[in-house]
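Notes follow the structure.
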């Protein structure tokens, strides 16, 4: 398959759609993103890399950080996570607090905000207030690139506007499912969201999820094979909030989106993918990024549900 | 891989667990099932079949019928389904009516009761009151076995105790999402649930879902390849009510359970699976059947999320 | 106090508002009501009656019938009601089915639809399928006027469009809180809603609720004094769906509205009131009728919460 | 009516019940209350006072403070409250966060925690961080007793265990319905809850609510007559969480309970009442206190819904 031609076809297909959707505006640093930006990177486990668009453009990874935090937690705590965070899709976004209240402060899964906040709490228990630095190191290590940083301006803005996250954390603490003070947990969480990367770095960072947990370039073992399956399963069932079912239905690949406009995806045993376009659809996922992955699935036939 | 030895190991592993769980009791015909029954069939796309346990024992397929009804609907109506039934996981079971009310009578997906009732309504619009017979023929055709029948006693019992389904149908009708009279729709739905089969027949009936929609034995085209992906995606994200996430997380195969104790599963491009054991876990899925599939995934490494 | 002058002042005050609000349209017979109709009757326990507007105009009493059904049930079944229907405000209308599901099919109070349906079930158990006739007789007796009838056309329309009520009844039956077949219960309920009266008859029918259960004109004992307090308390806390609190806050009198445009109210130990105007506000209560009662409370100072 | 004899009869009636119910345990200072304590005071608008039990025993007024905060707010802000806090019963307690989320951060009424927190926010806007002191002064003034203080130990404990209140405040802030920093608002709220009084002081403090807003002893005007009606209406519809309907139904008097074991009640134009007993029923209201008021209503016939 000629992936470069496919990428260029996708680029050509999505160009007329640029301008649709809305850039996130809840913090200033996100609202200034250029809605015409688009980038897509394919990283094959053979080492080949294919690119199209603004692949050097960095953006905050936002909720994509939840994948890395959960990778760390799976390795560190494994079965201890069970009982504190579930693995079920969350139904619809409107009821995050509702579900949390009915379900006694146990979040549905680690890819919704309250779930990631509990994971942050577990990391703070383990690493202390340097947990955010450990997450950054883990991410740098995953993409074998130590130039990556946290955008402190974005982290500060997230913190200032983060009253819903404070509400979620407080509610869970009232149920006993948060063990540390709220401040360092939320700092860790907001800092992880504010890691900046481009699609080249992001695709590289999850290459091991397409290769049983082993980075095929460095041969470093980053994750247990059993954990790789679980991360991929969670990305499929819970990776796109209340559009996860539709993503699985139309695209059929494990993937995770962030409100910064990035999406990562995995074709198991074949490649990792990262796509970027900051304008969002009504579910809070990159509109063009989702479309690009839909086209990718159609053109290549790659799907975990069947050969095309 | 020696599948026969694996099946026998699974049988041996689950034997001490027989007696756990609870047989469904809401209708008499289900409550008399023997909790010690267990059967498992693997049907490879090469034609090889492996069995263990009471593989001639028939049981009502219950919610597994939702898969066949949706296969028919996808072929017949395709995009017209959109707008009347979604493709998202439903969150938790407790709120079936809640979600339906908030979401204006549009069910989350076709594998929960209200979703299947809308599909039944579409089939009644298309086939008239013979819709149930058409579903039976479709199922017979899928397993290439025309001896299969509907258990009328079970269908009648389902009908008599089906006030929650009547509530769901009435609510959707009040929202305009049911077009026919309630009686023939519910008859169709209850009759489809009351189709009886054994694991041999069930595994055979979904073999095409492991083979791009083509029955590898007869070479009949039963489903469009694109629809196969969608059915498999839906089984993965929505096949086990509010335990769908856990099933994907632990087992990693598209599958659908029924309250009669059956579960069907697909290893894309490799095989179809049917397992039977009537005692249920707290989510209403076969307790032993789920365990058997977990062992199968562990022993074979089969998963859509990675090679083991 | 010169009540006639007060009524005329109210009439003059509300005239500019005629045309606001919306007549109920869910059944044809209601949708043809004239939004300019207005009538108000005060019936003092001394026997004096004051009128303004179209006081001979009849309309279907709709949910006002729930008061009479509950009066009958209190006398007949008393403490047996407890456990099947509560006495708490229902929160907001949006969640009628939600609450019913969470609360295991026990309706919040007898003045919301599911509550009245359970009361209808109890009356059907007691009176058989003639329960609707018994309700009509009770109402006729309460207003000492035997010319009152049920509008069969409205009853039939209610029945044909009553799928939400069927959903509520089915759900409660699935929880075991409905004992009879659904058909006669819903017939009873819809027939009671379709009783027609004018404001003169309505005010007369509840005069005993302002007089410890005794009709001051005929001296007939219609209700136990303890039950009068309870009916009045329920009207205050639950009489106007999710605007009950605001009605108590602004008007301070026990009252019950119907979607046909009528409202009844009680000034304990002083008088009964009926008002009619068919255009409804967003809560489903008569917009002009509510306004008229607000003006009445302001002009007279009558309130159960304090002398003015 | 011989109120002293009635009080003694009530005391005798409730004595066998002492020991039922459970003292609040969420903070240490509350958990040490003696479940055998009981006190009841009637304060007539004529100036006569009747007592029974431990009437010198002080306790934290807890949610009863919400009445005083709302009295202040009505006088200071009047119509500006509308739009930020409603006047509807809240349905059931289980869904405080649920309702708040659906209703965009606008609490149902000022007598549930989120409603009182918004009122505290308004008072902080008006008075700055001395708002708690102003509330204390208002309360002291209402009972004409300047010895009353805030129990700082209780206030500190409330603060330390108040994560659910922090969750409520954060959620409302995320909706823009909290204007100040969370810290001073919650301090104000917890300090008001921690005011200590005995039944003599409490009955005295609300005497004006039985007398059109005028303290009949000092002739001080404490509240506008229109506001008195509204406070009494709110106490009736919203004074006892999800047992408000039952309280209105059985007792028929405006009243407000606190988790410290106190209840205040008003017989409009006749008297004010305070009762104390710290063991709570399942709704969080004083079990013996509720029973005492039920007996009071039965023995005296006092009700806002009818003469007995």
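Which chain is which? They are A, B, C and D, in the order written, and residues in each are numbered from 1.
Operating definition for what follows: a contact is a pair of C-beta atoms (placed from the backbone, for glycine too) under 8 Å apart; a residue touches a chain by one contact, two chains touch by 3 or more.
Remember, it's a predicted structure, so these values are computed and weren't measured experimentally.
Trainee: Going by the contact rule set out at the top, which chains touch both chain A and chain D?
Mentor: none
Trainee: From the centre of chain D, which other chain's Cα mean sits the farthest off?
Mentor: Ranked by distance of C-alpha centres from chain D, the top chain is B.
Trainee: Report the inter-centroid distance (CA atoms only) between chain A and chain B in whole Å.
Mentor: Once rounded, the distance between the two centres reads 32 Å.
Trainee: Can you check how far apart chain B and chain D are, centre to centre, with Cα atoms defining each centre and the answer in Å?
Mentor: The separation of the two C-alpha centroids amounts to 55 Å.
Trainee: How big is the gap, in whole Å, between where the Cα atoms of chain B centre and where those of chain C centre?
Mentor: Distance between chain centres: 48 Å.
Trainee: At least two partner chains per residue is the criterion; list those residues in chain A.
Mentor: Touching at least two other chains: 94-95.
Trainee: Okay, what are all the chain pairs that touch?
Mentor: Result of the pairwise touch check is A-B, A-D, B-C, C-D.
Trainee: Give the list of chain D residues in touch with chain C in this complex.
Mentor: 86-92, 94-95, 99, 102-103, 108-109, 210, 212, 225, 228-230, 232-234, 236-238, 242-246, 248-249, 252, 254, 268-269, 303-308
Trainee: Can you tell me which positions in chain D touch chain A when the two form their complex?
Mentor: Where chain D meets chain A, its residues are 94-95, 97-98, 101, 163-164, 166-168, 170-171, 173-174.
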